[in-house]
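The structures considered in this document are given below.
One chain, chain A, links the two complexes that follow: it is found with chain B in the first and with chain C in the second.
On to the complex of A and B.
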């Protein structure tokens, strides 16, 4: 005969076994992702870290050089010039992109044919870059480009859009803005759609005007989406490679050699140790910039 | 037809590939493999019929189609050989592939100027090339030889020529035959400008990579190179100084059109006739044939002017060769294919001769294999875009004059960031020739060669 105590113990054991079974399930579910992440993200990142302390050129044994790659880069004017170029492009692209995207998204929020506009806005993002870069080169040619033709017909001087290091940055920034702003608009439209309409209704009843509604309701309630847009923008600019590669080749005078393009040079030159160290420094910089941007926006959200 | 790469890859290889991709993307790196470096490829002729499968990379575009036909002439002779011929952006993909070991082709077409950067990943072909050495243009043999080993099958020679607008030159009263020295060319440019005040007759290259390649052509013409026979930096030297001083004179006198090769300013000024003289590699001929409209048929080619009366009238700008990666699965078969393309009459005739892609033949370069360079046996036909001129004869005669003893340093590509950029600055009037040479020498020595 089974005693009450024994029966309770058996039930406890059964429950524990069930819990054990239940506990294993989540791990099994996430295992495929974890394995893929470990193989294709974690392993290469840790390997990059290891490589950054070597002078490996892709062949032969690894030779550890300590912090020499980092010292070289941090003392290299070329590295800092590439970072500065990316910094300038960030200033030219990200704030303008956020303002532009937010303005367009608010304007489109209740617009008719919103789907059509959204499709039109995303088109540059999916257009092959190389084709657009060629259009850009023709448009911004100093002597025969349509942009300078327009400027001179207005009595303004022609600009060396692709031939001076200052204006070449602006030309590249315009291409990046043109390509990526539509994507930011789509993100912000999604963010705006989560704001309940009765919030605006209440504000209107309280006498809030359009500007007041925008500043006190719209902006605070899409801050998280804006943070996301800023982080994506920051990542885009600091990894920027294709646009300057195709439009300016990093010139003139290395004036558009971005951090991404500078990194690419190490790879094509088989300087993998240096490339890995450069990657690590870039990751740190982007991380710091992204965190700072999020903090800045979050502090506004909190206030 | 463009085939896809279907060779199996190991798990470790995939991981290395992922690592290489991540480095390129700014995050990761790749694993060191057991790269064999410059392994010598076995010699000796195969006694049995050739068989097996090959993966060959060529550049995308028309050149791919031309090589496709040439490869067909090889497989027709060796039906047991299957060639997966792929059109690839080789300059972008080959270095990463060689390092990662993933999807490595058995052979690839590759720029000579970038060759030294990947040399440790290539087979040493010295023994195989030995029998052909006397028949290879000395310049080209020097270019494919890295640390005493031949690391590529030498393909084409791209002699520099002087392209000019015959109609404008004639209207200005300049005799093209008189353009025998660079001083004479300068004089001709002044004459053209006097006649046509809008003219900026001489091309000045504004792309930093091409500018470096271009000035190397001028230096090569004078027997100079960035490094001397001992491997020491020799950029701050007379050949470079002479070339830069001449270009600076062109700039300062307003005799030059500063433009990037085949970019809108370049093409428009050539078509309008304000840009009249283009000292450039033979492959400039592509522009009159494919890109220029109004000036098609009005261009002509001559040997480059000499830097001193009676001096050499040729230098080389660019060129490509065939590489066989150390990790190729079927390197012997790749060698046999390239041997057919480069050193057999059937091979080089199939590439350069008239075909469905280029009805007049491939005329943007000439073979570097000297027995193919008979002025009286042209491989390609006279060119309508050059007013029916026989470019073959002009190019072959120039090609045979190209000075040898030229070597490309391993850091040539990296030097573009210094020398190429400084030349750009000079052409913008921001540096003097001496400043370009001294600054570049210091930068290259410090950043690319280490302390002397």
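On to the complex of A and C.
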């Protein structure tokens, strides 16, 4: 009983001491962050929400149109085509990236010259995207590009990398994979380094082969990092803008007009109310996909 | 005995496979970069006719000269430098400040504020594009440096990360200084900042790369050439080429594109090569939030 009252007194003392110490200092320290956040994140988001219920074109008074923008978008083939294009790119990028990055990270874990390999792998992520997107245009040109030059010299047929809407998606996906897989490798390497090595030793003593170790130890133990990689990949793909903007301009035949590019079209058309509604739908989509992929991976972790 | 040698052989085979895989992956990573830089020095006709051969005797600076006549790349460099320096400085001061408050103080409203940090981390940047652009035009900031610098000057990721780093500082260290009569600001400036220098360096490298390469917001926020950053200028060049404004002479146009891309990539690659340890450490630290 005494100890309880003592503890309470000590806590009260600590609290008042804490309060005396607090004063204005922490508020001053967070003030710049709070101000920037309020002015350039919170305010615009509420503004966008409000705007999504109007048919504003950038000038004049706001006219409320209720859910008309949302109804228009959900009935618009263009909107769904942009979502489908992003979906196809997701399929082309994310599974391949997870597989590649995990394989490379496992190989890298016990390799020598780890720093050198890591640096080489992450270099594409560091290089300006716009610069590399331009190199892609040149490398993948149908008639004069180095890639087709290589293919034909091996006796393979030339591919219309940028001229057919299917291959253009592949070309954009290859750029995304090339740029971001190294980043995923480094993330996974960090995740792998948290696995104690005696877990592997125990498995080896039990006679588990390399393949078995990979599936029954490595994969379950990096599920958290894997889900992080998937979420980042999902966010990247559904916000994809610069890659198709520079490489294909959204073409050919809108074949690479991603959700991000379609959103940008509303800005250039001054359909700002519509654009705001589109952003809201995109946010819902991205959040739903992120939550779904985390759930999916976490459920594997539990079982 | 036979199984033993068999398994040693397979281990050796596994090790060889490991290095083959890593070398192939590293080559694929570096090949487009090296090809870009090497091709920028080749005569335009050779880029197309002989994309994989390099003849030291035929190297030329012609592509760079032609590119300098087509786009005011110096202005692009100047604008990017202004944005990188100011925004980078703001990030490196304000993120640790907020991180310090979240890591080492208890104050009413802390939970709510930190919740907003976490929410902002997950928010797609595209959602802000339209309302932020409208806010800029209300403020009269379209095509200004304020518009390029301020909206993401104190990013949530930096705050979160600095909080993690500062949490690792032992409280005794701060209490001792407090007993000696140091004020909050003194403690921050003369104890916290020096102790977290490695983390701060990683934040600096990551910020430099992100700000230097930033494209989506600058392309929306700036309409005039005087404020175009390097990346925006590069994409304008690519668009002019696609729309045929520079003519259909591919040999000349491609050489210019490769020269411009190389010039834009070299500074950031140089920073990367010198400071890559900090960057990789930073990316790894960032992964721990997942």
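The rule is short, and it goes like this: the second predicted complex is superposed on the first by the 263 of 303 C-alpha atoms of A that agree within 3 Å, B and C clash if a C-alpha of one lies under 4 Å from a C-alpha of the other, contacts with A are read in each partner's own complex, and residues count from 1 in each chain.
In this section, a contact is a pair of C-beta atoms (placed from the backbone, for glycine too) under 8 Å apart; a residue touches a chain by one contact, two chains touch by 3 or more.
Note that this is a predicted model, so its numbers are computed, not measured.
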{"item": "Side-by-side fit of chain B and chain C on chain A, or clash", "value": "clash"}
{"item": "Partner chain(s) touched by A:119 [first = chain B, second = chain C, both, neither]", "value": "second"}
{"item": "Partner chain(s) touched by A:161 [first = chain B, second = chain C, both, neither]", "value": "neither"}
{"item": "First, second, both or neither for A:189, with chain B first and chain C second", "value": "second"}
{"item": "Contacts of A:79 with chain B and chain C, given as first, second, both or neither", "value": "neither"}
{"item": "Which superposed partner A:144 touches (first chain B, second chain C, both, neither)", "value": "both"}
{"item": "Contacts of A:47 with chain B and chain C, given as first, second, both or neither", "value": "both"}
{"item": "Which superposed partner A:29 touches (first chain B, second chain C, both, neither)", "value": "second"}
{"item": "Touched partner set for A:90, first chain B, second chain C, both or neither", "value": "neither"}
{"item": "Chain B versus chain C as contact partner of A:249, first or second or both or neither", "value": "both"}
{"item": "Chain A residues touched - chain C or chain B, whichever exceeds", "value": "C"}
{"item": "Region of chain B that runs into chain C when the structures are aligned on their shared chain, from 21-29, 129-137 or 309-317", "value": "21-29"}
{"item": "Chain B and chain C footprints on chain A, overlapping residues", "value": "39-41, 43-45, 47-48, 51, 58, 137-138, 144-145, 238-239, 249, 260, 263-264, 267, 272, 275-276, 279, 282-283"}
{"item": "List of chain B residues in touch with chain A within their complex", "value": "15, 18-20, 22-33, 35, 37, 91-92, 95-96, 98-99, 114, 117-118, 120-121, 206-209, 258, 263-265, 268-269, 411, 413-414, 417, 421, 424-425, 428, 447"}
{"item": "Contact footprint of chain C on chain A as seen in their complex", "value": "18, 21-22, 25-30, 32-34, 36-37, 39-45, 47-48, 51, 58, 100, 103-104, 107-108, 110-111, 115, 117-124, 126-139, 144-146, 149-150, 178, 182-183, 186-187, 189-191, 210, 224-225, 227-228, 231, 235, 238-239, 241-242, 245-246, 249, 260, 263-264, 266-267, 272, 275-276, 279-280, 282-283, 286-287, 290"}
{"item": "Chain A residues within the chain B interface of the complex", "value": "39-41, 43-45, 47-52, 56-62, 76, 78, 137-138, 141-145, 163, 238-239, 249-254, 257, 259-260, 263-265, 267-270, 272, 275-276, 279, 282-283"}
{"item": "Of chain C, residues touching chain A in the complex", "value": "14, 17-19, 21-22, 25-26, 28-30, 32-33, 35-36, 47-48, 51-52, 90, 93-95, 97-98, 100-102, 105-107, 110, 113, 116-117, 120, 122-135, 150-154, 156, 159, 178, 184-185, 188, 209, 212-213, 215-216, 219-220, 230-231, 234-235, 237-239, 242, 250, 254, 257-258, 260-262, 264-265, 268-269, 272-273, 276-277, 279-280, 283-290"}
